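Same chain, two partners: subunit A is paired with subunit B first, then with subunit C.
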Partner chain A sequence: MQKINISKISINKETILLYVFILTFVFMSILSPSKFLSLGNLQSMASQLPELGIISLGMMVVIITGGINLSITYTAALAGIAGAFVLSSGLGSEATGIYVFITILKALAVILLTGFLCGLLNGYLVGSIGVAPILVTLGTMTLYEGVSLLFTKGGAISGFPLQYQWIGNGNILFLPVPIVIFILFALLTGILLERTAWGRSVYMFGCNPTATLFSGVNIKKVIMFVYIYSSVAAALAAIIMTSRYNSAKVDYGSSYLLQSVAIVVLGGTDIAGGYGKVIGTIIAAGIIQILSSGLNLIGINRFIVDVTMGILLIGVLLLNFFINKAGRKGVMTKQQKEMKTDKKVPA
Partner chain B sequence: MEQKPFLQMRNISKTFPGVKALDAVKLEILPGEIHALVGENGAGKSTLIKILAGVEIPDPGAEFLIDGQPANIQQPLDSTKRGIAVIYQDFSLFPSLTVAENIGFGREIGQGRRFVNWIEIRETANRALQELGVEIDLNSQLEKLSVAKQQLVAIARALAFNARLIIMDEPTSSLSQAEVEGLFKIIRNLKAKGIAILFVSHKLQELFTIAERFTVLRDGKYIGTYLKKDLNEEKLISLMVGRKVEFIKQPGGKVGQPILEVKSISKKGNFKDISFRLHKGEILGLTGLVGAGRSEVAQALFGLNAPDEGDIILEGKKVSIHSPEEALSFGIAYIPEHRQIQGLVMRQSVAKNITLTSLKKIRGKLGFLDNNSEKNLVNQYMQVLDIRPKNPDMLTMQLSGGNQQKVVLAKWLATNPKILIVDEPTNGIDVGAKAEIHRLLRQLAAEGIAVLMISSELPEILAICDRILVMRRGRMVAEFNIDEATQEKIMNKAFLGTANSVSA
Partner chain C sequence: MRKIIALFLVSLIIGTLLAGCGGGQQTQQQQQTQQQQSGNAQQGEQSKTYKIVVMPKLVGIPYFNASETGAKQAGKDLGVEVIYTGPTKADAAEQVKMIEDLINQGVDAIAVAPNDPAALTPVLKKAREKGIIVADWDTPADTSVVDISIHQIDDKQYGEHIWDLLVKAMGTDSAEYAIITGGLSAANLNNWINAGLEYAKTKYPNLKLVTDKVPSDEKQQIAYQKALELIKAYPNLKGIIGISSPAPIGAAQAVQEKGLQDKVSVVGTALPNDSKMYLKDGSLDTATLWDPAKLGYLTVSLIKDMLDGKKPADGQDVPGVGQIQVRADGKTVIMGPPTDFTKDNVDQYNF
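Coming up: the complex of A and B.
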């Protein structure tokens, strides 16, 4: 009888997720081939996924450091509203030419700058002052929501130039523009995390902030950039959202907050920090998107959709937990073996 | 006067992986006796106390008698029930609870109650404080009290448990002179009530004021129990020192130009008026008792604990260092005392740990990390330090203690430091690895690096240092050249030295 060496079978979190993704996709396709696999539905999912996906990536970077960014969706709202003021000022939807182009560029810059400033405040409070991330971002969440309400009185701002809608609804070749933005942003995030000194420091800080500080890493700077990156991601999502809805409003995307945390954790990121991969978050965002669109499509009650998602999330978390536990046991037996062999060597 | 002992411990041994912390130690305490437990750092005092408290379980074969009856102490509750109470240095109280709650609660839980009887808690607390003869408002929150009063609460708490032996670990370390006298008065009161006190302290003068008998430990071994009248301070120190551990004496090197000069730096509550010079190619030892302020001085040089006053002069230029990043740029490296918390990112690979200090160095074009230069750097230093197993992708937590320490050394050598500060570099690693680290440090010094080594292990200090500084209570109290230094001389200064005895 052949012995199976369990440690040789590589079951990493990302592969499991990929199987879950394929399973949900196949399951939905079988359940409702005509509706789920229709071009319309696939396109609609493809245009919704980027907003949630980009916000989740922004959330992931913070969670890898062991923090959390509760202000992420209101950062998106505030940035969108700031841009909306530029977009709706002076120009009607029938304006044309170079002025429209400049206005749109100005709006994009304002949105990204607002995101940058929101992140700067979070990063300063967390990194330099040293307040717990959950408290800082809970505070700034309320602050950014408040500022947004102050400027809009809760209403929507609309009247954008027609051309602006291309970002949310247009295509490059056959790909929706939001998908292109999402892919580029995911690539950028992956490269920054895996291939730069900053990214390396982010993971090391997440595992052990003290040892990272003691290694001469400027952790204030690292954390500052983490929160700025997270907020700029929110601003990017805001660009897609305002364009897709052709307006800006304080509660656009507010449901993404807890969803993005769920996606990041589902995607295998350690909520305590130190581990997390772009690909895991992307697949997890895909799973959530397929489930919510698919179940909606076949006419399942909204509440049952939530129940299903909750069960799926808990299931994957339990699976990860047990895999981790098995992994730790493996390390421990290995250590014990080494200690035994050490003792045989005469001192 | 023949008294039956309250506590008898015989043949107490405790083995930790790779270390024998206690070896057939004994301890006997009479009712109402004030007994001192003394020994150098690492002599085994803390381990013995932990066994008394039920926190650690001794190796098989230990005899543990209370009132002549064998006591089976497996967990803290067992020892509390037998009348043994430990007051740790930090008191182990609940800062946000009231005085009454702190005194009364443990007893309630100890009795297995599920509901809180507030009236009884207040009565218990009141009775205990009256027994001590002190007045403290039962309703005041603990953290708002002075340290001395918190200590009284801790003692009252022990009384509430009907303690017959109270163990005090460095009880006077943060008390003023008047408060110490107050404490001693209370201890004598307790003695009159038949309660025994086991006093653990480095302050020999105080021990001679209060204690009646002394039990001395050295290297985890029992040296003896002596009456006060048979001892004086010098004799006690000579009993404590003289550790048998031998390290190969590493020949001293050629000492070069001074590279670092520290001029009377002070930091409130940490250290005061510290001055010394560090030369290229030398190993300067910095020793003293735990808590003397050695690590604080080291961290001041590493930008983690910037001094309030005084100058740090590096290669002739006055510098101020406010972060490890700055220290690194000045060529200062620090191998911290707590390897697993401060030194390494245990859940990451050996390679990533080694390059964490040098991320800027392994950046290629466009600022991306360069795989090849990372690999080269890692391989180079894994080879230089002979880190095993030779697998850079292994998680750091999977290595042995000695190899982990080599990873910390590797990551700092990779920065080409001019000054290497090592804090207890051989703590918790086996003898073979210790000798290897010693050889390495000597070799680094020979290459021109200035090494500042903090260590509590005198044999280690005497084996590899060129010069030795001794600190006591935040002050520099002595400087020795290696050929004039002995364990006795150093310990004398560490226990009794004053700042006036050194002219820096």
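Coming up: the complex of A and C.
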């Protein structure tokens, strides 16, 4: 009984978000139809969205378990820097096609592997040792930042082969490559979370870790995989970022940490864990992107853009809160009614 | 009831959006009226007003606020629309996104002070492919992607100027002096110091540098401590050069505390607002820097020339700025000699 009600509420959350998304889109289109709806703008929005979107998805998986991954942006930075060393070293300016291709593949592998290792450390500390996620990732955040600084001394690494820029700036037909990567990754995340045993344990753990443990789920493994997934997402974002900016530096995307938490929460994920949907996070990322690009297009003061986003976030959170409350009350009154009728029946 | 609350919240959200955008339209209108006014002043010489973007490293700090004033003033004087916008944090990734949006907005030129030159190369390339004139100002970008590069100062000239100021302040060129710098690895600071040292070798052979340049980590507190140590260790010290904006202030603070205003001269690169109080009581003799408002003005007026098809020329006299220098490559422009701030003129500046 209760389960059905919760799913009803959840549908509401995401549909409201969708309405807000459509409204902002329509609104921006009306405001500057020639600019906002131009192919160029739609394409550049589609190539800006994925970095933050992928990081947000990685953050969401962790938040569903009731944890948080503060190290996510520096994982991305470290992975990007590791890849940048491969890309910029041992490559003459006149390298031949196949050699360049192999170097790029090597770099991609190094980036993903670095992400994997970063996640392994987080997952081990949280899952096996049992330290609180916020402490672990606060520690590893500083650690990854420190390592990145050690290798780069704070500077940027650049001088990548030209072909590498295709990942961040190229198009497949008319779709920018980053958005294709984002769509594939979102699909994968959705399938993993909703169609696999691992996904179900993730939600279960977020709702009630103790009950999950006693249900015979291997918690350590589940948690380990959650943090690895999160860090690999960061590495994927790092691939797009390094390619788009044609360089790697420790503070690229450092502003994404809190933004990604905001998007996840805006997307309807429960910050205490147990609930969260891929589609919600995607729509939330989309709203932020439309606002940011749209307001930029009209040429609004950058500070007002920040203010607008803050108010939007608070507004949606309040809306969710009231709907939640209303839903819960609905459930309670229904239960009370049933209890009354139950009582009446034997009487 | 709940429905009403929900409805209210939704309308609130939409309302904020409207309010935000409404504000924007207003400023646009203002800009338009400004353009019209300036257009009228020029008696409609221009049929189309250019849109020029000037992007600082970040918005909301005194230095870049000052350059905004200059850029906007140039827009008014020359009848072009100046969009002065930048990230609220000094983040290169934010700059890239904003430039992408500005390209779609359809502007004629973009001048940017890059937070990181390498990160901006792809997006600036994209802008150029769209036929937008690309410039850098304040901090150089990758030279291959810009049409014009506007520098505030010539490194060599600036270094030499600082040494001249020191000798002038000490009143003699046969004395002991020390250098406090921001950091040992900062390229621009090192360029100035090396130029000055090279110059002093021939011009002031009797000047004696007591010790290697002393780093101060870009912090006033550390510069202050180092200056105290230097004064103690070298009793005959007559001058201190502070390179990077907190360094001269820290040194002046030490001189002030010890009451050595007449014995030890301090010169260096400092912002007028910071140095005001030390200039007034003589603990800091001269601060020298460029005027960021002028830099903003020059950026806009040179880009306007480029849009009109005029290239900058060496020795060209730019109204409101003065004579500029152009390097041999034809696109590196140097604003000119630095501005000196002394106790007599420091009140005229606000940055």
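The criterion applied here is as follows: the second predicted complex is superposed on the first by the 325 of 347 C-alpha atoms of A that agree within 3 Å, B and C clash if a C-alpha of one lies under 4 Å from a C-alpha of the other, contacts with A are read in each partner's own complex, and residues count from 1 in each chain.
As a convention for this text, a residue touches a chain if its C-beta (ideal position, glycine included) is under 8 Å from a C-beta of that chain, and two chains touch if they have at least 3 such contacts.
All of these numbers come straight from a predicted model, not from anything done at the bench.
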Clash or fit, subunit B versus subunit C on superposed subunit A: fit
First, second, both or neither for A:Asn208, with subunit B first and subunit C second: first
First, second, both or neither for A:Arg195, with subunit B first and subunit C second: first
Superposition-derived comparison: subunit B or subunit C, residues of subunit A touched: C
Contacts of A:Asn301 with subunit B and subunit C, given as first, second, both or neither: second
Partner chain(s) touched by A:Tyr252 [first = subunit B, second = subunit C, both, neither]: second
Touched partner set for A:Ile311, first subunit B, second subunit C, both or neither: second
First (subunit B), second (subunit C), both or neither touched by A:Asn218: first
Distance in angstrom between the closest Cα atoms of subunit C and subunit B, superposition on A: 23
Overlap of the subunit B and subunit C footprints on subunit A, listed as residue numbers: none
Residues of subunit B touching subunit A in the complex: 17, 304, 323-325, 327-328, 334, 336, 341-348, 352, 355-357, 359-360, 363, 367-369, 395, 397-398, 400, 411, 415, 430-432
Partner subunit A, residues of subunit C touching it in the complex: 2, 5-6, 9-10, 12-14, 16-17, 20-21, 23-25, 27-28, 59-60, 83, 85-89, 91-94, 96-98, 100-106, 116-122, 126, 185
Subunit A - residues contacting subunit C, complex: 19-20, 23-24, 27, 31, 35, 38, 40-41, 44, 47-48, 51, 153, 156, 158, 165, 168-169, 241, 244-247, 249, 251-255, 291-293, 295-308, 311-312, 315-316, 318-319, 322-323, 326
Sites on subunit A touched by subunit B in the complex: 191, 195-197, 200-201, 203-204, 207-208, 210-218, 274, 331, 334-335, 338-339, 342, 345, 347
